[in-house]
Each structure stands twice: as structure tokens, then as C-alpha cells.
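Order of writing sets the labels: A, B, C, D, E and F. Residues in every chain begin at 1.
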Amino acid sequence: MTTVRQPLDPEADPRVKAVFDDIRATRKTDFVNNLWRTLAFDPTLLENTWAEVKGLMAVPTQLDPLVKEMLYVAVSIANGCGYCVHSHTAAARAKGMTDAQHAELLAIVSLAGKTNHLATGLQVPIDLVFDAGASN
Amino acid sequence: MTTVRQPLDPEADPRVKAVFDDIRATRKTDFVNNLWRTLAFDPTLLENTWAEVKGLMAVPTQLDPLVKEMLYVAVSIANGCGYCVHSHTAAARAKGMTDAQHAELLAIVSLAGKTNHLATGLQVPIDLVFDAGASN
Amino acid sequence: MTTVRQPLDPEADPRVKAVFDDIRATRKTDFVNNLWRTLAFDPTLLENTWAEVKGLMAVPTQLDPLVKEMLYVAVSIANGCGYCVHSHTAAARAKGMTDAQHAELLAIVSLAGKTNHLATGLQVPIDLVFDAGASN
Amino acid sequence: MTTVRQPLDPEADPRVKAVFDDIRATRKTDFVNNLWRTLAFDPTLLENTWAEVKGLMAVPTQLDPLVKEMLYVAVSIANGCGYCVHSHTAAARAKGMTDAQHAELLAIVSLAGKTNHLATGLQVPIDLVFDAGASN
Amino acid sequence: MTTVRQPLDPEADPRVKAVFDDIRATRKTDFVNNLWRTLAFDPTLLENTWAEVKGLMAVPTQLDPLVKEMLYVAVSIANGCGYCVHSHTAAARAKGMTDAQHAELLAIVSLAGKTNHLATGLQVPIDLVFDAGASN
Amino acid sequence: MTTVRQPLDPEADPRVKAVFDDIRATRKTDFVNNLWRTLAFDPTLLENTWAEVKGLMAVPTQLDPLVKEMLYVAVSIANGCGYCVHSHTAAARAKGMTDAQHAELLAIVSLAGKTNHLATGLQVPIDLVFDAGASN
């Protein structure tokens, strides 16, 4: 059940094929997951989304690759995106996340969810010392 | 503006004083931020919350202390908790987060926010290979 | 899997039948979708909900019917309501939304999701000129 | 800072005055809070919103008045609506909520926030016995 | 489909068995639902989560047991956690929630959802009288 | 109060100046709002974000410019981003949104918020006819 028609043969479109080829080459796998297959209904949206994800998640940057995937999982949980939780947990595991690290990730995310609700329920005023601009 | 009455002299209550003392000792600072000062309206809630936060965030665990704070920031942003975004960004910075790391954290969180919306809008079906239980 | 018991023969209740008849007449179709069939467990909640949806979405108002459906889809995505994303995307398509418009809708919703996370992460102060009340 | 212009003298409009008079009479107070003063920019939206809130929250129904306010607070916290958290916490207190009940409300809401994140992070499959429809 | 491997025979681990036994004894049922079966992948996370849920939801406290479950349902709906909506609605029903109470719960939660969006869209300033701290 | 240090003289950096100049030229105004002034702490994040917003919101596309701003407002409300609600409501007004259109926008967004909560609370199963892929 999707809200758009997935093309039956998406790679018949050369723009789609180019993106799928790059996904396979970048990730060193034959598998192209459903997000990209579904985005293939609009080649421009597919190209832009892949370019952005690749540029941040699939190349060396400031942060460690596994840390980046765990951050992605954390946001996806808080936003309640089931598909994204699955795909980025799988990616984190592929990058070496152990069961113990996974359990701790879930413990932190759920504790943050808890204190987020607490601070919002209390309407805690922001401490002036937290203002990064103040030290300017 | 809070939804509860902050005690004027919270440390007059020995249970509150014990928690505040532990916060100061654990964090090696005289500063006790407003979340704890506000929670002081109910010593039990204060004790339980601090015990849980301390046990996960203030002691050595699987994950690096800075990574833990960045995960906390990520969830707090997705949940829209302004107080929590401020307090945990300050904590991350105190643990060494550079401006470049902060910028990358924000780039990942906002990209995740973007693709979360995209996957939800498309109602992408979950790939069977993502099922961790399947490999059991 | 629902959290309430859908009546086996909901239209045996004349109040439910009256709402279902109005849905069919208003939408010029025999199809009554699951939201209404599930709400039939409580005729008052069914009547009130349909009256409100009909009064805003099924009659001519300030905004174009297709625009109204796209706004409904946008909110439903941000709130992570899979059922609502499906039903209102189908309604938008029935009102003429093309694939290109759908792709642009998703691009805007996901970009808004992205900059929402960014502004929250930065805790950007609101510019005084944005205050509509100020020009009063 | 609001996104609409609050009328300087809202009660100059007889439709607004009628709603404000009903709010004062229903709540037995001279105070009309900012939500209604802001909604006064559009008398129809004001009338509809007040009629709905009054019909559910200000008249005797199945649930206890204080329970209804606590449910409203719970949803408002989870949705991150600071204004609503404040106004409905004040209403709950006016209906007799004690500090101990408030603390327990916050404990439940934040624990629910925690296990919501946990279940979403684990992507727990729904137990078949939870299907209310199944027992039909 | 879960993001972790559920142990095939979770009670082979004595720590898991102890928690499951306590769940069965506390709830007076042989049934252990999937949240706990899934959490069994990490005995510490399982123990901590059950201890917290039991301590607040399964023992007498300030609030009525049914009210506590309805608050849990309310938060779970607002957070979009399908699993939690199902499990806590079933729990509320087991504690005596009638169809009429369920309908009213849904009416309040959805009305709160509505006015939360309205107050956020209007950016209503918080009335000074709502400040609980002010009366200190 | 921001979480990053806004540069005192952001346009001393030629990359920041180039973006600010383009914002002013594109919008035909001298005013550069705080989102961009805050993003100036990281020129790359500033450049990427502006390029993306400009490419979708400031050039002619499939959808009407006012409709695009209203969609942005809708998502920002649902995500609870106060800054974004303010900035995009101001932008919609600059593009001609009347008070009556604004009131209807808020009515739709809040009704969607309401039925989103209702559908999630009921856990309504998705009607098979909504599957766009089925008609492939």
C-alpha cells in the first residue's frame, strides 16, 4: 500500500537507472530498498533526495558513520516513522551496531522522550546560561 | 512561567537538598538548572528523574558521553522541546562538541526530519529484509 | 485490527444509516470508507465528526477544494497518521491532483519538515516584524 | 506575538460579545483568556470552537470534570502546545487537582512518552488479542 | 517485523523468566504481550522498563487505575504509537472502560488535538494568570 | 536565546554576504530574518538551506506561491515550530492571504489535527481502494 504508483520497471527510465546504479555502487550491494523504488515515480524528487542523503550519510564527514545512523534512528523514532526506524536500524547494524549499543540507543531515546514530556508539562523556563548567543 | 510552584527555598527540604548536592557533585559545578529546581515541587518525582538521568548519562556506558548528548539533542529537537534542546546542546558543548560537529548534527537531524516526512507521505512498505526477527 | 468493535451491520441503526446515506449522496459514490464504518460504534461521535468534515471539506468555501485536500494531506503527514495520509491523498487525486503536483506537495512538506527541525534545533528567536498584533 | 491581529475592542462585534458573555457566564468569572481574545479575529471560528469546547468540557458528561482536564493536559503535553499545557493545567487546578495528583499526572504522561518511544523503536508487532474487532 | 531479534525461548534466561513471572502474577493472566517479549533481547532494559511500569500503573496510587490507563491512551494517540494505543486501550477495557467512556475519551483527545493546532497556529501568548509560580 | 553563536558581523564572511545578498534580491527587501542570521554560524549549512528553500519556494513551480506558503504553515503548525509558523504566516500574508483565508487555513489544519487523533485512536485499517499501487 503506497500513495503513489511504483513504476513496474523503474529502471526503464534512464534517470532512475542512474540513481539506482549509484545506490548499488555506493552501498556495494544489489539491493535497492523500497524508499527509492517508490520515489522513482518522480525522477527529480528521487535524484534530489538521493543526492542529499548520499552527500551526508555515505561520505566521510565530521561524525562517525555509525553515530550518524544512530542519530537518524533517534529522530525517526521520535517522529514515529516506522519505515525509517527499520531502514536506519538495519543500516546501523550493517555499520557494526551491537545489541548492547542498540539497547543503549533505545534507552537514551526513550529517556529523552520521557524528560521531553516532563519539561513540556512543567513549562520549565530556559536558564539564561544556556544562551549560546550571550557569550558572543 | 511554570505550571507548578517552584519552592522559594527548595533545599530546605532535605530530600531536595540531597539531590541538588548530588547534581553538583556529579557535574562538578555549583549550577543546578531549572528542570531540577522546578521538579523540586515533588521530591519523589525529582529523585526518580535524577536517578534515571544520572544512571544513563553521567556514568560510563557503551556509548561515548558526547554521542549520548547528541542523541538526546536529536530526540529533543524532533519532539519540539525547546528547554531540552537548550540544556542538552549546552551539555554537548561542555563535553567538547565543536561548531562543525554541531552543524553536522543539525544537518543530520533536519535531513532525517525531511525523509521521515517523505516516507510517511509515500507510505513506503517496509522491506522484508529489514526484519531483524526474520534472521532468528 | 481496530480498538473498537465495528458493528457487523452498522446501518441497522437509523442514525448510522442517515450518516452513511449522506456520505454517499455528498460524495456521489457507494463507497463508505473505514473511518466512518469504525466511528459507527458511537452514533453521536459519527454524526458530529461527519457534520464537521462535510461542513468544511465538502461544500464551497474560500479555498479551492484541491488545495483543501492537499492541506489535509500535509497535516496528516506531519502528524504521522497513515490512514489519513492514504484517505486524503486518494481524495486529492479524485479532485484532480496530478503526479507532478503530488511530487511537489511531498517536496514542500518534507522541506518544511526539514527547516522545522532546523529552526527548533537552533532555537531561532522570532523576528519582531512577524508579530501581526504589532501592526494593530 | 500572535499570527493574527487581535481586535482592540473585540466586544464591539456583537457576535464576539455574545461568545465572551457565554464564556464568563459558563465559567463564573470575568476573565476571558487569550485563546478566545485571539480567535475573535474571526467570529465564526470563535463561535464554532467555543461551542465545541463548551459542549464537551463545560457540561456534565460520562467522565469526571477533573479527569477530562487531565486528559486535555496529557494530550497538550504530547503535542508540545505550551499555551494549552498552561491553560488546561490551570483549569485542572481550578477543578481541584492537588500537587500530588499533578505530580502523578506528569509521571504517567512522561512514562507513556518513554514507552511510546520504546515500542516505536522496537517496532513491536500488535498482539492479535488486542483487536477489539476480533471479538465481534 | 521488529528491529531486534526476539529470543526464540526468552524464558531460558532466568532474568527474563523472573520478569515474565512477575508480569503474569501482577496481572493475574498467563498472557505476556509482545512489548515484553521483544524487550527480552536485553534483560536490563526489560527489567528497568517493567519495574517502572509496574511501580506506577500496577499498584494503588493517587489516581484511579482506569483514569491512569485512559491518560496512557491519550498520550499514546498524540504520539502516534499504534502498538501503545492498542495495548493500553485493551488495558482500559479490562479495567472497566465502557464503549461510552471510550467514545468520550476519543472525543476529548481529538478536541485537544484540534485546539492544540489552533493555539499553535495563532501563537497565542500565555496569559500571566496561568503562571503557577507567580502565586508563590 | 539561540543554541549557536550568531556572528556579530555575519556579512564579513563573503559566503554569508553572498547568501544574504541573494535573499535580499530574491525577496526584493532589505530584511533578512533571524533563521538566516542564525544559520550564518555555518556558511555551508546556510548555503545549502537557502539554495533548497529558494529553489522550491521562490521560483515558479506547479503550485501557486500562496498555496505553497499555506502548506508550509500547515506542516509547521503540526510540527509545533513556533518560529516557522510566524515566518511562513507572514510570508503567506505578503503573498496576499486574506484574514478569511487565514481563518479557513486554521480551520482545516485544526480539523485535520482532530481527525488524525481520531483515526489513530481507533486504529482504523486502511481501505484497500486507497492503495495507489494497486491500480498499477
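What to note about this one:
Note that contacts are C-beta pairs under 8 Å (C-beta built on N, C-alpha and C of every residue); 3 or more make two chains touch, one makes a residue touch a chain.
Please read these numbers as outputs of a predicted model, since none were measured by experiment.
Where touching is counted per the definition, the chains common to chain D and chain E are A, B, C, F.
Annotation of chain A and chain F: jointly contacted by B, C, D, E, touch as defined at the top.
With centres computed as the average of Cα coordinates, no chain lies farther from chain B than C. Here B-D and B-E are compared, and the pair linked by more C-beta contacts is B-E. Note: the chain lying farthest from chain A is D, by mean C-alpha position. For D-E, the equivalent interface within A-C, A-F or C-F is the one where over half of the contact pairs agree by residue number, namely C-F.
Centres computed as Cα averages put chain C at a distance of 21 Å from chain D. One simple way to say how far apart two chains are is to compare their mean CA positions; for chain A and chain E this gives 27 Å.
Counting only residues that touch two or more partner chains, chain B has 1-5, 75, 77-82, 85-86, 89-90, 100, 105-107, 109, 111-118, 120-123, 126, 130-132. Every residue of chain B that touches chain C in the complex is listed here, in rising order: 73, 77-78, 80, 82, 85-86, 105-106, 109-118, 120-123. For chain F in complex with chain C, the touching residues are 1-4, 31, 33-35, 38-39, 49, 52-53, 56-57, 61-63, 67-68, 70-72, 74-79, 81-84, 86-90, 93, 98, 100-101, 104-105, 107-109, 111-127, 129-132.
On chain E, the positions that touch chain B within their shared complex are 1-6, 8, 126, 128, 130-136. The part of chain E that touches chain A in the complex is made up of residues 1, 3-5, 41-42, 44-45, 48, 75, 79-81. Residues 80, 85-86, 89-90, 99-100, 102-103, 106-107, 117 of chain B touch chain F in their complex.
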